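Residue numbering begins at 1 within each chain, and the chains themselves are lettered A, B, C, D and E in the order written.
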Amino acid sequence: MLGTGLIKGMAETARNFVGSFLEEDRLTTVEYPEERIPAKEAARSFPFLVFDGDDAEKGLRCVACQICEKECPPQCIFILKDTAKKPDFVGKMQFQPKVFDIDVSVCMSCQICVEVCPFEAIKMDVDFELSRFDRFEGLLIHKDELSKPNSYFRKIHPTDAAAVDANLAAEKAKAEAKAVADAAAKAKAASAAAAGLAAPAKPAAAAPPPPPTPADPILKSASSSTAGPGLAETGSGKTHAPAHGS
Amino acid sequence: MSFDLAILALLIGVSAIAAITLRDLVHCVLCLAVTFASLAAVYLRLGAEFLAFSQVLVYVGAVAILALFVVLLTRTGEPRAESRFSPQVMIPLAVCAFVFTGLAAAAWSSSLKDSPEAVGASMKLKDVGRELMTSYVLPLEVLGLLLTAALIGAAILAKADDGEDDEVTDLGESQGQQQRPMVATTHSDPKHD
Amino acid sequence: MIEWADQIFVLLKREILLLVPVALQPLASILLSVGPIMGVFATLFAATTVLERKGLGRIQNRLGPNRVGPFGLLQPLADGIKAIIKEDVVPYRTDRVLHTLAPILIMVAALLAYSVLPLGRNMVALDLDAGVLFFFAAGATTELAIFMAGWSSRNKYALLGAMRAIAQMISYEIPLILSTVGVLMAAGTLSTTGIVEAQSGYSGLFPNWYVLTPWGFAGFFLFLIAATAEANRSPFDLPEGESELVAGYFTEYSGFKFAMFFFGEYLGLFAANALAITLFLGGWNAPLQILDWVPSYLWFFAKLLFLIGLSIWVRGTTPRLRADQLMNFAWKFMLPMSLVNILASGLWRFTGDGVLGWLVCGSLVAGSYYALGLNLAPKNAVTKRIYRFAT
Amino acid sequence: MMESLEALVSRMASVLPAIDVSLVPNEAPGGPSSLRVAPQDGRRAAEFFKSDPGLRLDYLSNLTGVDWPDRVTKQKVKSKRLVDGVEKEVEETLETRTPGFLEVVYHLYSIELKHGPLIFRMRTADRMAGVHLPSMTPVWRGAEFQEREVFDLYGVRFDSHPDLRRLLMWETFEDHPMRKDYVEPNDYEYEPTAHDEVLAKIKERDSSGVSGTA
Amino acid sequence: MSSSNLQLEAPLDPAFKVERRTATGRGDLLEVSMGPQHPSTHGVFRMDVVLDGERVTKLKPVFGYLHRNHEKIAENTTYLGSMPYTDRLDYFCSLTNNWAYALTVEKLAGLQPPERAEYIRVITAEFTRLQNHVCLIGFLLQDMGASGTPLMYAFREREAILDLFESLTGARMMCNYMRFGGCRVDLPSGWLDQASKVVDRFPRFLDEFDRLISGNEILAARTQGVGVLPRELAVSASVTGPVLRASGVNYDIRKVDKYGIYDRFSFRVPLGDHGDVYDRYMVRVLEMHESLAILKSALRDIPPGPIMDPKAKLRSFKPKAGEAYGRIESAKGELGFYVISDGSANPYRYRVRPPSLINLTVLEDMCVGHTVADAVIILGSIDIVLGEVDR
């Protein structure tokens, strides 16, 4: 008969009307600024750079290899290599980025930079409140703002961070063992120098091969002049302009 | 004649003249609607409530709308740029003058002309109904029959429109439009288009 | 004391009038009637918008507006301010005079209808002998306003919307008026207060409302459906069907003019519902004799809110009809049904409200409802379909 | 299952007189090889594919263009030649110029017989003037929009297409953006963004070679 | 219900000739440009409609408002770099887009995803289908003017599925999850239980929807017999997906190609007999039931193991020269990718076969003779996403 379907439908809407007051799972709305859904562990919004320890400059894992810059589909990353090498988390001398900018307005949160990074240096943040007041400069996020400590990474992605930490620790242990072995080998070689054969002390590359360092004489000299890590830090900390000028 | 009736009369006159002189047909019909409404106000002023409301309901609510529909469905774009008055303007003027004189004479000679208020006041709605059903039952029924016949006729005409027979509807202006299949219903300005 | 509470507004008006010089008393009387009506219904409009949005929200498992004020109750205020301060965009080449007049006319027409609605005992602005007729006459004027809006906008959607609206309103005006005929016959008057008074009193437990007769029941629903169509409410909201015509005849309106259309439309809805209450639901009368002490206007507004809630509920449930189906429904169902209903109400007068009356009128109404409903179904029948599956 | 492409080619040669069909191998491990049909035989072949009871390829899944611009392959050839009366071995570079063409690839399946795909392709004479191919819209209606797209993005004109207009670009647009040699016009109505600066910086860095990318 | 495999329907009529339907209007024709800002064109899509009264006599779809030349971008990006761009094709079904692209490149490079990855792909693809169909029927009813109620119920369910996607892939819509030779990350702990919960809860929604709307007279009147697509025309015009199956053609690529591991699941393919909007609606509803069956068994059977083909390379991925065409049954129809490699890091030619665009071929044939309101719901029933149509 005419109208039965309509009445059935009205019963259903009435059920939902009442149900929205009674049943939790009917009402999916979250009153956002006051109430927040806790971020999912896998959530991703925008990349950040991980650093170990407390000092963002010192512990930055990024070695400015520029793989992410090349792989980034919308090309929103801009990296400028530093002129001086500094020891990285393994203790190996590496370059660091002097400039590391990501353009929020272009980034599409695809996470490809994270995947291609061989150094576990760039990870995805969960903070999605990225609105800025400045349309131009404000949307370009610089290195100091991008750098976040490993403890933060552990907080937002615990499972992932644990795996990464274990991985890095293993690598570091391997590298240290290698260094010890190398030292031992060197010592041995020195002691067995009678043969006059120097053992090749080239450390074997870790699982992800670091990019070949450029053979630029200026860079070489610069890195050799700033021997100590402390010096390197002060050199790269605030005095970008003179370094660039030279 | 009282002041308010004079205003209403003026309104009727002005809107009626506007209805026949304005360029835009839609404006004309809207002025006609104003005429009808003012006429209803006159009835109301004279105490003929039922007549006034019927006037609004039928003339403003239906006849004017019908006229608008007709204008919309048959009109082609721009109002024509010819003169406001057709060359044969004298003939309708003469007819109008004749009708007006006749009506005025009838009104003048009527016995009610001195006490217009008295008519409406005495007529309650119940009385109207009773009169319609007793003294005027024959005209009422005849009118009803006529309207029914008109309705059926309209339905038949509309029905034929659905079928194959095109001759019934393709009369008059619509034939001229066959050459222009794309006609914007809104005003089309050559410059703007 | 009860009497006093019931008549407080009537007495108040009388007291105030006494303070006014005699020469100005007619004017003051008009102002004292019109002012409160506009104030009360503007407030009701504001309340309804928030009620509708919250109600629809709950029906749809949402929260509805909840930002402005406590529980979002000040939302209409925010909307109103926004509407007023927004730029009034009038497209190039519109007919500016008509474009401006249309929303004013639609509001005036909607407000005129309120002058004959009895909001409580002795609370009617204009107790006309032909009150119901006046109501319909005022309602008919809105068609003109809608046409003006649609035509003057110089927009194809607006024009299509206006054409649809007018066609729909003309078609549904007939069942709307015919469905009231039974009441007019039973009450023997066209005066709204007269009709309400005819429904006062109780027979047994039940009030003497016309909705509690078979023909009144059918008439009430016919009237409600037709009134919904007249007010362009869902499921008859084709003239402004946003999925087809963007916003129908007020596509080109913005800012305050748009708000006036919106207001006018809701005023029309309230007026139609108020007339339904007057005609079928006993107006200001209490549903039970023991509740008679509650002031009459409260009953009126309670019933009005109930009908508004019903229309929100229907809006939350139904999809929209198509234009031709709408017309089919008007002419093939509503019209014959209301004619049958007139016959039933005539029979009721002779059979009385006994078992015989219920049997005869009830079966007449129900039978014709069933038959017309069958007739309305399309030829290839709305049936349950069986679907094949390939594995 | 469908017969092998080799068998199909020989059968087509026997059924359709003087048809120019050849096999185009595909080296990808997962992908089947395809047929190349000469443009003048395109409609005949298509009708055959659609109506042949063994094929019944009634469903044109995909139709797309490929641009193969002019290629210059340099080859160093050593030849012995008489130079100044002495026979010497001379090394010279031979430039073989492969003229470019546009190719349209059709992927056909059969809904009736549930097999496929059969891939066939047609090549235009060149990339500028002779870019006409027969339209397949009369055979498979599904080609209508895809041919319009190929026309739009590659500039292949399909003869006897019922409504050959641009599909994605606007009517007054002139070039064909999917061609390999398409140069983006600098006519975007864009606002400056921070990203412009980033790109400018990249350009500057790359041109000056400050850091020398790895 | 038949159980014979793949030979369910009568053979297609080979003599079928495609004829363009045209209707000639006799009165004034009104040309309306519906879109690109029209509310119900599902994005920035435009239909140039020529109307005779309200009847459509001619309808030309106009595309390109969202055109960004995805294919050209992909030819200038690495193989991996195109993966996040495929999310943005049909932004409702990013996971199936991922799958289609990954499948094609796997064919090109000869990769074989491990079993667990295949299961994950099936699970995510079926969830994608569920949420796409849910939204589609919500949108379809919204186009019919149902005030958002069905749409909100649909979004409520979609929310649960998107939560699953977020906890797996990190994003709700732009998942960017699949990789050549497997999937990016493994399922987080507890994900399967959560997914089972969603699957178990889903029938409640389907029943609710059934009660709410499937029996509604207005829905039946609006959709039955509207926009009929004959079988032969559907096949000839390369229409795929639920639209094709609603016309009674048994063609589901999951059954025909058995890509992935679809041969391990038993599911049925619902077929419509009328090919109208109602059938397209119902076929999708029934497909959701089948998807739930697939999901149930996949969630039960998923084995542990690796999720990436060890041969797959993430960086400097350069497949050998060759070409491949891969296609899957996405929620909208056959989604195909055609990739030609010349041995470099970027594809030489990258083509998306968009089901949305090709299904629109028959839009005019379906709409001619119906009213504007019908054109809107016919468009809605095709289920297009402009990100995919314009690419």
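The rule is simple: a residue touches a chain if its C-beta (ideal position, glycine included) is under 8 Å from a C-beta of that chain, and two chains touch if they have at least 3 such contacts.
Please read all numbers here as calculations on a predicted model, not as lab measurements.
Touching chain A and chain D together: E.
Across the assembly, the mean Cα position most removed from that of chain E is the one of B. Of all chains, the one whose mean C-alpha position sits at the greatest distance from that of chain D is B.
Ranked by how close its C-alpha mean sits to the mean of all protein C-alpha atoms, the top chain is E. We define each chain's centre as the mean of its Cα atoms; on that basis chain B and chain E are separated by 57 Å. Distance between chain centres (mean CA atoms), chain C to chain E: 43 Å.
Note: centroid distance chain B to chain D, computed from Cα atoms, is 70 Å. Centre-to-centre, using mean CA coordinates, chain C is 65 Å away from chain D.
Counting partner chains per residue, chain D shows two or more touched chains at no residue at all. Residue positions 59-62, 156, 316-318 of chain C each touch two or more of the other chains. Residues of chain B in contact with at least two other chains: 184-185. Note for the complex: chain C touches chain B at residues 93, 95, 98, 128-130, 133-134, 136-141, 143-144, 147-148, 151, 154-156, 159, 163, 166, 170, 173, 189-190. Contact residues on chain B toward chain C in their complex (touch as defined above): 24, 26, 30, 33, 37, 40, 49-50, 52-54, 56-57, 60-62, 64-65, 68-69, 72, 124-125, 184-187, 189, 192.
On chain E, the positions that touch chain D within their shared complex are 6, 11-12, 14, 18, 20, 63-64, 67, 69, 71-72, 106-110, 233, 235-239, 249, 251, 256, 319-327, 334, 336, 338, 340-341, 348-349, 351, 353, 357-358, 360-362, 390-391.
Per the touch definition, chain A reaches chain C in the complex via residues 1-3, 6, 9-10, 12-14, 16-17, 19-21, 26-29, 31.
Those residues of chain C that touch chain A in the shared complex are 55, 58-63, 66, 313-314, 316-318, 333, 369-370, 372-374, 376-377.
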